[in-house]
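Dropping the structures in below, format is structure tokens.
First subunit A sits with subunit B, and in the next complex the same chain sits with subunit C.
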Partner chain A sequence: MDSTPTRTQVIAEHKRSGGRIAAVFPVHYSRALFRAFNILPVEVWGGGRTGNAGDAHLQAYTCSVVRGVLSAHLTGMLRDAELYCVPHTCDSLQGLGSLFLDLVDPGRPVIPIYLPRDEGPAAVAFMASELRAIYDRLAELTGSRPSDADLQRAIDRECEADSVLAAMLELQGRLALPARAFYAAARSREYLPAEQFAAAGRRLLETTVRREEPAGVPILLSGIVPEPEEILDQLDAAGASIVADDMACCGRRNYAMSTNSDPFGRMAEQILGGPPDSTRGVAVERRLAHLLSLASARRVRAAVFYEVKFCEPEAFYLPQLRRGLEEAGIKTLALEVDISERPSHQIATRIEALLETLA
Partner chain B sequence: MSTVVAIGADAGSTTTKLVGISHDGVIVWETIEPTEPRMREQLERLLATIPGSGGSAGPTVPVVATGYGRNLVDTKHRRVTEITCHATGVYRSIRSSGTLIDIGGQDSKVIVIDAAGGVVNFAMNDKCAAGTGRFLEVVAARMRESVQDFAALALSSPEEVAISNTCTVFAESEMVSLLAQGHAIESISRGLHRALARRVASLARSAGAVAPLMMSGGGAHNVALRALLENELGAAIRLPAKPQLMGAYGAALLALRRAAA
Partner chain C sequence: MSLANQLRYHLNVSIVGNSVLRLQRWQGEWQMSRPGSWQNAHIAPPVAVAPRLKELISRHYLKGQYAHLGRKVAWVTSGAPVEFLVALGYFVLYPENHAAVCGIRRMSESLCTAAEDAGYSPDLCSYARTDIGSVLTGKTPVGKVPRPDVLVCCTNICQTVLFWYRVLAHHFNVPLIVIDTPFLYTEATERAVAYVKAQLEDAVIVAERVAGRSLGFDKLKQATRYSRQACELWMKIMECGQHRPAPITAFDEFFHMAPIVEMRGEAFTVDYYAALLAELEQRKANNIGAVTVESKRLLWDNLPVWHRVRWLSEMLAERQVALVASTYTNAWGELAHLVDPERPMESAATVYLHPILNRGTGHKLKTMRRMVDDYQADGVILHSDRSCKPYSIGQIGQRNRLADELGAPALLLEADHNDPRAFSNEQVATRLSAFLELLEK
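Our next item is the complex of A and B:
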């Protein structure tokens, strides 16, 4: 996906064509809902050079994703967005949503998304009603009311892109690509319109050499977001091949397909039918079963939990997930990072040592 | 002196150690000096001093580099982490499985070693200096004592002041407050060693430590830390003959093993 346009280019192009931009924060929401209103959701995961302007408003134990998002807002990096969308993923993001009430000018709506902390029909019904409420907010904002058929078409486009992402994740480790290049391609889903992502992803799948077996020791990468990206280079250099992904920004959004005739029910079923995720409060037993199944299918020998420091949803699950994987003979390594900083020398040493124990 | 047939270079954050070993894996040459800011040049200079190993042209025998500066050696040499190297060196020296605690200048590591000398599990401190040799260096220097004398003071004290911080910066500040309150240096020293021992013991428990306990790295020379670690973990600690050289020794053994393969 060498020719993939940058975020800046995509935003400029979308605005030129008369569309609006929504800055969306982690993790789960419906891209289709925004696209039906000609609003392009561009996700902000807080990484990169967002600076530390957000620190003044947050407790020291707030994670670097939230600090990065707030810094991006305070330094004007999100100025192209006409609205913000804040999924209530964790306490910190919920807190950020409240802070935005004070820090975002009134002309720029801040739309929260409340996610059910459960599964089953009641959770789907709640999610669907939540999406309906957001539909009403967007209708009020844009003055348009897409029909059910419009919504279904938008969902179809996203499903097509999701199926391409799923194919990429299925082949992860067997595509002859450096890990950084793979994630750059997979994560372009965070800002590319679905149709562009699907086309670029298909091109990547068609043109990339495939290996019979992964080049290195097969590992599973879990966590929120693979940043700073040096971690991916370090894994490559140490002789690891990421063959299974459980990152919140990628593998945990390998959403289910749904044929529900009600577009809101369909969107809800897709989000809630995705892989079990700590940020949706899914039971740890289901998380573990999912990771074990992924590890078994891809013959994973080690799982690396690359966690954002102070990420509570992840931290609560980690001990049981590690224990369960270790009992199944899969070595685990937990690394904690501040995504705004370069990874420490100790992190490189731990990765190399893990690979040495598997040599 | 027997001929050096393999070399291990441990470029640590505080000291750089080189070891040359004979065919039967015995240390026949060794050197240790404080790590210089120009680590690459230092490593090249030290490698050139090894007797009969190639002089300024560099060693003609296999070399394995480890430690912080391992990536600064010539790319023709192999690099292995200090976790694997310390485990290899200590296993060969003590000839036992168990749990190795390596307290270096900037890292503390707990390494669980299996019956074949392999690394089963490991835990390592985060990037802050708490729980490392640097912690004691800073607090000892603040007391105008050497690390060894500061440890002796700790062991001479029947009393112990509770230190709540293992953060080097906050512990130093807490220590100054305790001195101002009139506490004896000896009891403060014991409290500081206790705080460090508790932190390392917690790391050991998180790695699933099993007996026997062993120790390597510069921290192994600290008698107070050793005694309080034994107290915290409820088991005796066994020491190799040259604990501080175990990383370099393990690296040399791996170089020898690779040459034989």
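Our next item is the complex of A and C:
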């Protein structure tokens, strides 16, 4: 995906063509719903050089994703966005959404999305109603009302992009690409329009050399977001090959397909039927079963939990997940980071030590 | 419950246990009535009903110790709808309350450490770490904590409880009922109420299955009625703090709130609060303040610092400062008017969507502004609780607005409600002193 346009280019191009931009914060929402209104969702995961302006509103024990997102807003990095969308992912993002609505001027409309912590019929119905309410809000903001057929077409486009992402994840570790390049391609889903992502992803799959076996020790990478990207270089340098992804920004959004004839029901089923994710509050057992099945399918030898400090959704399940994987003969390593800081040498040393035990 | 177990339960709880506890209460009352038994010059003697509170709490845990003889046990989050469980005859245990007891009795540090040794991050809520540590080690200051038959987790206080209860469900291998309450960024929608009601109906089915009996609608109405009465009384008790001098402080309320949290839906809770209210009215009439000389009045925001309640209360009282109200204790009274015993399920769906922790930062600011007015507070202490993000995020802006708009000095006090390692006596003393000096100017 060498020729993949940058975020800035995509945003500029979308605006030039008369579209709008929504800055969307982690993790789950419906891209199709925004696209049906010609709004391009561009995700903000708090990484990069956002500075620490957010500290004026958030205590130091708030995770670096949320602090980074707020800093990005306060320093004008999100100025291209005509609206913000804040999924109710955790207590900290709940707080951020509420800050924007009540205490910190967002300078644009803010749309929170509540994510049911269940998957039964009542939860799907509520999620669908939540998406319908957002539809009304977007209709009010844009003055347009896409039809059900428009919505279904937008969903189809996202499904197509999701299936390309799924194919990329399936081949992860066997595509002859550095980890950083693989994630740059996979994570371009965070800002590219679905059709562009699908085309670029297909090109990548066609043109990248495939190995029979991964070049390094096959590992599973779990966590919220692989930021800063140096972590990926460190894994490569230590001789690891990421063959299975369980990141919230990537593999945990490998959404289920749904054929529901009601577009809102369809979007709701897709989100709630996605891979087990701690931020959706699924049971520990399901998280573990998912990781074990990924690990067994990709012959994983070690799992690296790359966690954001102060991230409660992730931290609660860590002991059980690690124990379950270790019992299955898979070594585990838990790393905790502030994504606004460069990974320390200590992290590199710990990764090397893990891989040495597997050599 | 088999007949033999029924007899054993009644012998241990109703006869022997109750008699011993009653005796202890009388002893406490007698000791309190002796002249010179109270030594603190800055704080008024405790209310006469205080030994009764101790008796209530001890009896509650005693019932828990013998619950295995036939009562089903539910562990529930503090904001969970409990009336249907009470009506089904469950013994209801609140791990958060138990964790607070561990904090007060100085056990939380070792229990948090035990959880951390098992791999739980020290950044997790210290209630959860205390509870998990207690589950893993079996250590508790209350004798014995009964194993749950069912877990009930309501997300109206935070998402943290969901992960915590998932961990408990995995450990105990028992059913977990989740009542998911959409966060109210603004107002509750009808669809949110309908969603919660649908889950409550499902919850009843699971609870009935575990209990092996059906829910009697009259019993549910009765439990709901007691809940409402207790919440109303609790609100009136807190409103006594509006009087000058305040006959009760938030520090006292932190202890007196135990029944409203863990014994809602019970007749004895209503009786207890009626007695406490009567005594406070008497104190008001006689102008007896909880702080002997009350010069300044403060509002507290967020959870108590359980392991330092006494230290903080003495420090403030020495400076003639009364903590006249708290947003935390207020949360258990302010929704009383929404409880409708004639429509228990419908009203539960509405009530349990509205706790302050399920509402936005703007709502909390509004609540604080109103409380500063109602209680004529001279300033606010916002406990920035590193363990409780849902309560703490937003406090920086809230503090600034309170100071700018109301001219009410407001202090952000960094601590942790149940982990003493995140508390420095020296630092807190210095910051509080500087704040009180500002207040005195």
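Simple rule for what comes next: the second predicted complex is superposed on the first by the 353 of 359 C-alpha atoms of A that agree within 3 Å, B and C clash if a C-alpha of one lies under 4 Å from a C-alpha of the other, contacts with A are read in each partner's own complex, and residues count from 1 in each chain.
The criterion applied here is as follows: contacts are C-beta pairs under 8 Å (C-beta built on N, C-alpha and C of every residue); 3 or more make two chains touch, one makes a residue touch a chain.
From a predicted model like this one, the values you see are computed outputs, not experimental measurements.
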Query: Touching A:Q9, do we find subunit B (first), subunit C (second), both, or neither?
result: neither
Message: Tell me which partner touches more residues of subunit A in the superposed arrangement, subunit B or subunit C.
response: C
- request: May I ask you to decide whether A:E356 touches subunit B, subunit C, both, or neither, giving the answer as first, second, both or neither?
  value: first
- prompt: Between subunit B (first) and subunit C (second), which does A:L99 come into contact with in this model arrangement: first, second, both, or neither?
  reply: second
Message: Tell me the contact category for A:E312 with respect to subunit B and subunit C: first, second, both or neither.
response: second
- request: Could you look at A:S344 and tell me whether it touches subunit B, subunit C, both or neither (first, second, both, neither)?
  value: first
- request: Check whether A:H88 is in contact with subunit B, with subunit C, with both or with neither, and answer first, second, both or neither.
  value: second
Task: Return first, second, both or neither, reflecting whether A:S293 touches subunit B, subunit C, both chains, or no partner chain.
output: neither
Message: With the touch criterion stated at the top, can you tell me which subunit A residues are shared between the subunit B interface and the subunit C interface?
response: 336
Query: For subunit C, which residues count as touching subunit A in their complex?
result: 118-121, 123-125, 128, 155, 158-160, 162-164, 166-167, 169-170, 176, 178, 180, 182-183, 185-186, 189, 191-192, 195, 198-199, 202, 360-363, 365, 384, 386, 389-390, 392-398, 401, 414
- prompt: Mind pulling up the subunit B residues that touch subunit A in the complex?
  reply: 68, 80-84, 107, 118-120, 122, 124-127
Task: Can you check the complex and tell me which residues of subunit A touch subunit B?
output: 336, 344-346, 349-350, 352-353, 356-357
- prompt: Which residues, counting only subunit A, touch subunit C once they are in their complex?
  reply: 56-59, 61-62, 88, 90-92, 94-99, 101-104, 112, 114, 116-118, 120, 122-123, 125-126, 129-130, 133, 278, 281, 283-285, 309-310, 312-313, 315-320, 322-323, 336
